[in-house]
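In the part that follows, the structures are each spelled out as structure tokens.
Both complexes shown next keep subunit A, but they swap its partner, so subunit B is in the first and subunit C is in the second.
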Partner chain A sequence: MTDRFKLAFYLLLAPLLLWLVLLILLPHLGMFVVSLREKVGIREYDTSFANYAVFFNEPLYWNTFARTAYMSIAATALTLLIGFPIAYYIAKLTRGRTKTTLFLMCLIPFWVSELVRTFGWMILLRETGIFSNLFQSLGLAVGPVEMLYNDAAIMTGLVYTSMLFMVVPLVTTLDSLDDSLIEAGYDLGASGFAILREIVIPHAMPGIVSGCIVVFMLSLGNYLTPILLGGKDSLWFTGLIYDQFITRFNWELGSAFGFLLLGLSSLIVFLGLKLSGQSLSKTMAQS
Partner chain B sequence: MSQTPDLECREIVKKFDDFTAVDQVSFAVPQGTFFSILGPSGCGKTTLLRMIAGFQRPSGGDLLIKGRSVLEVPPNQRPVSMVFQHLALFPMMNIGANVGFGLRQRGVNKVDIKRQVERVLERVGLAGVAERPVSSLSGGQKQRVAIARCMVLEPDVLLLDEPLGALDLKLREHMKIELKQLQSEFNTTFVYITHDQSEALVMSDQIAVMNRGVFEQVGTARELYYQPRTAFVAGFVGEANRFAARIEGTEAGTLSMVTPEGRRLRGTDAEGGLGQGAEVSVFVRPEAVRLARQEQEVAALGNSGAGRVASILFNGANSQIILRDEVTGADLNVALPQTGEFRDLAQGDLIHFGWDPEQTRVYGRAGGAL
Partner chain C sequence: MIVGIPQSSTFRWTYRAYVLLFFVYLALPLVTVCVFAFNDSLFPSLPWEGFTWAWFFGDEAPYIGVFHERPILRSIVTSGVVAFWVALLSVAVGTCNAFLFVRHEFRGKALLYILMLLPLIIPGIILGISILVFSSTVANTLEDATGLWFDGLRPGLILVVLGQFSFITTFATLVISARLQKFDPSLEEAALNLGATPWGAVRAVTLPYLFPAMAAAGVVAVLMSFENFNTTLMLVGSDAPLTITMFDRLKLGSTPVLNAVSLLLMVASAILGLASLLLQRRRE
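What follows is the complex of A and B.
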């Protein structure tokens, strides 16, 4: 490499490096340092794991933590279950204009902000909302029905918010599946289910995994949807972090919570990859 | 050989909206036959094959396999297997799992599957590759795996959809011979579709020439080549010089004709019933034309003339020359004899040519189109 070439290489790399170092690496390092501080007096700090100990000694914290994890896993599974047939239909059973239209219809909700979308759900689900009024006028319910502020509402919101991020990678991988492979499967005597299990899903695996990772991360780190649709009882871990930072000015505990969430998401993604026999580099390269 | 044919189509019709892709095609393929359907792209041959495999439903007619109608049988239960154009081997499975796929679907136990897969791979000359990934094979080997994957199910009929199309020329030549050998070894009925006439001619016992949804002629390679029944077959199978002409008269089974440029031709009525004044197409194969340095050598042949060499298309044993007729200015393709006599032929040379009326086939021409 000549010097000029080297210079050009580093200049091109600089924006990426700056972004990684300034916006990701440094804040995390800073947060980690903060999370290890224990307040012993006014402006007096010791270095200890006390903040982490608080988390493990308080059942509310780690219950919320576990609940956030399994709700996110459930939301991911549900999104996959709903998104797969949609993606299969778009990729394999439609052509040309219809395909573009359907794909666009998945995209359109993302032209408005997440806040507006979530308020949309609130208008539909609240006591004086559209569904409630509809049920009353149809005689299915006597009084107003409250459908907000429960787990089902949170789940609906999470699945709705993440659908696009599941459908896009799935459509991409399913698009690349040669139709003649499916026909060959039928020709060799396979049933529709056997083809799905032995041909379609193995082929779509990289798309499934990358879609699941993205949806899981989005759900785990989502703040607006659980708070707005789940109300005070939403018990979402990001809500706890927000409380520590903003309401209670306890940056030390908030940082520790943030790090625990980072550890949790990394661990679950790692386990998911191991279980599905995929590697991160393979998944990311294909989709 | 059993009496009921392995595959029989009775007046099969396939219509797409107002376009008829396959129009009243009937044929029967006896057990153990290598049957080819030869036709230009868009003639309906793929549609026909997909109907036999069960991927498309005929608009009319009946389809019988071993004497039993299979119209109501879905593709995953038909006793036919198909080798796809691009083979469609499953990239997510190794070779053994690919070949064993059909057996697994039938619920055969693992030990038997393993044994049968080994045996069929051995028969196609690929013993011991079961554990390897599909991508480790060459084009020709993939071809054999695709055939093994079908043959392990012992289908009544094996359908092949231009499987040699993706291979390079040298390998294609080799695979032609190999496919024929595999077919005679398994003694299974093969139905092979192709647009490449040499594939069809080399491998098939029976060939059907298809054009615009109908079978123009069904016969052996020899019959199609020497006795094409229609103008389309004469032009599509093998090479031919084609002239437009009008019949002047008939004498003892030989037609005498004249082209618009004024050349007199003598030929044989291939259709029967061509009469004086009819507008006809005349076909002469390049290898039927004899070349001579002296006029008297070809004068007795019935059709003769002289021309200048317009160009020499050298292609080893298949070399041809294009002669420009001295009288009419029409071009004539002539196979260059490889006996050495004409090795020094050069562009612009004057040479005499002639051919037998027996080898000149004449077809009626409806509406004046060639």
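What follows is the complex of A and C.
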């Protein structure tokens, strides 16, 4: 019996290990090794940090990197600001059927492919698009207005794409906040703002953290939205990685870029978890 | 609803208007895409030229509808094949993982669990390039050593399936584990007492209990596979799945055919989404 139990254990362990080792661990290790290779001749390589040096010596590269990071942070903050009142409304000011309906309505757009959503924004924002025509017919603008291919368009798309991942954890945590705590706050004479700061936000912190982490990661690693809504000059780091890999066929530099992006993303996740005292498994279970 | 809290009616109405505006924002791009699938014009934009079904059924240039557009039909089939394999593999491995993490205690379990969650926090494009680099390295080494060709390790559908599988399995594991945790082990013990073999008990008692979760995980896997773009982009070969074909078209300039495909995609995801909701409801 114990032998059989052992056998079952190894049979169950095998697919897990195959998956993690062959598709996650070894590829990332391999990518790191490739990023340390410097091409010195045809099929001849040296080990060095040359690719990372290229990154730090070329302003275009690290500017793009920094830009991607702060645009992602801005998108995360914006998503939180827009999503929080909605989550609060759903969790605290509605109940029963209305609540379920509103919650499901928040989820619906995300059953649709990101490509379709971005396409929708392109139709709305472009020079010959809906908004441009609307403004012209209202007399707000003379001639077509191009609203695509700028940072605001990228931001709109990023916030739209990530909204679900903010609203769902927020609704879950706010739902578990006992209403009587809020009422007690009012009874003791606190203002609405004080209650938000002292009761609601501290309670919602786990949801805020897990929402922010997921939204930041998704924005940082997004390719479609910045490229399609931001156009050729969107300067998004994933675009650079794609160029190095597919267009220029410089895998060494591309791997280095990939590793830098992975590093930044992991760092932010780590900091977010540390600052809020959460663990990865708990946070992921929430989202 | 919190009662007994004084709020001015201006505040209440502003709040409601904001919520309404938010849902308009959510719906706007999707509604736009759907509406312009029926515009009788060569471009998905205003002015409205009248209603037409041509972008679905048209077979005369320039009005070639989805159902007569070969490259798009072919890529839908490709996406379907990829989604099938991804769902099959990730549900199978996810079920094994669920049994391992719920039923077994062993050294390094916590570490393995964290590793299992890692694909969630790795950006999709990085997963794609790391698998691309690794498989190409392996292929080069094998080809140098044996002189044979290893096309399966070059960009193509096999790599696309593996790339999507590498992170969708995490979702499948989480969904199936959640259900297995609620299972009452005494049911399985009863089967053993009645003379069932351990495998027989699992097959006759536990797996049927897990089935709704496995089906839901399968549906989610199909949806995620169909929609995946980042990982697929880096691993795709000559047979492009639907999202890649649409992306290439979009870069060249769009026609309402893309709206029509999008509308069909939305209908299909809605049906699958509902199916998974129903499955989850049955689970509770």
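One rule holds for everything that comes next: the second predicted complex is superposed on the first by the 249 of 287 C-alpha atoms of A that agree within 3 Å, B and C clash if a C-alpha of one lies under 4 Å from a C-alpha of the other, contacts with A are read in each partner's own complex, and residues count from 1 in each chain.
To be clear about the criterion, a residue touches a chain if its C-beta (ideal position, glycine included) is under 8 Å from a C-beta of that chain, and two chains touch if they have at least 3 such contacts.
Computed from a prediction, not measured in an experiment: that's the story for all the values here.
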Touched partner set for A:Pro202, first subunit B, second subunit C, both or neither: first
Which partner, subunit B or subunit C, touches more subunit A residues: C
Subunit B versus subunit C as contact partner of A:Ser191, first or second or both or neither: first
Partner chain(s) touched by A:Leu181 [first = subunit B, second = subunit C, both, neither]: first
Partner chain(s) touched by A:Lys232 [first = subunit B, second = subunit C, both, neither]: neither
Which superposed partner A:Arg97 touches (first subunit B, second subunit C, both, neither): neither
Intersection of subunit A interface sets (partners subunit B, subunit C): 183, 186
Subunit B-facing residues of subunit A, complex: 178, 180-181, 183-191, 194, 198-199, 202-203
In the complex, subunit A residues that touch subunit C: 4, 8-9, 11-13, 15-16, 19-20, 23-28, 30-31, 34, 82, 85-86, 89, 92-95, 102, 105-106, 108-109, 111-117, 119-124, 126, 128-130, 133, 160, 163, 179, 182-183, 186, 192, 213, 217, 220-224, 228, 238, 241-242, 245-246, 251, 254-255, 258, 261-262, 265-266, 269, 280-281, 284-285
Contacting residues of subunit B [partner subunit A, same complex]: 53-55, 74-77, 80-82, 84-86, 88, 90-93, 101-102, 105-106, 149-150, 153
Complex contact set, residues of subunit C against subunit A: 1-2, 4-7, 15, 18-19, 22-23, 25-30, 32-33, 36, 43-47, 92-93, 96-97, 99-100, 104, 106, 112-127, 129-135, 137, 162-163, 165-166, 169, 174, 198, 223, 226-227, 229-230, 233-234, 243, 246-247, 250-251, 254, 258-259, 262, 265-266, 269-270, 272-273
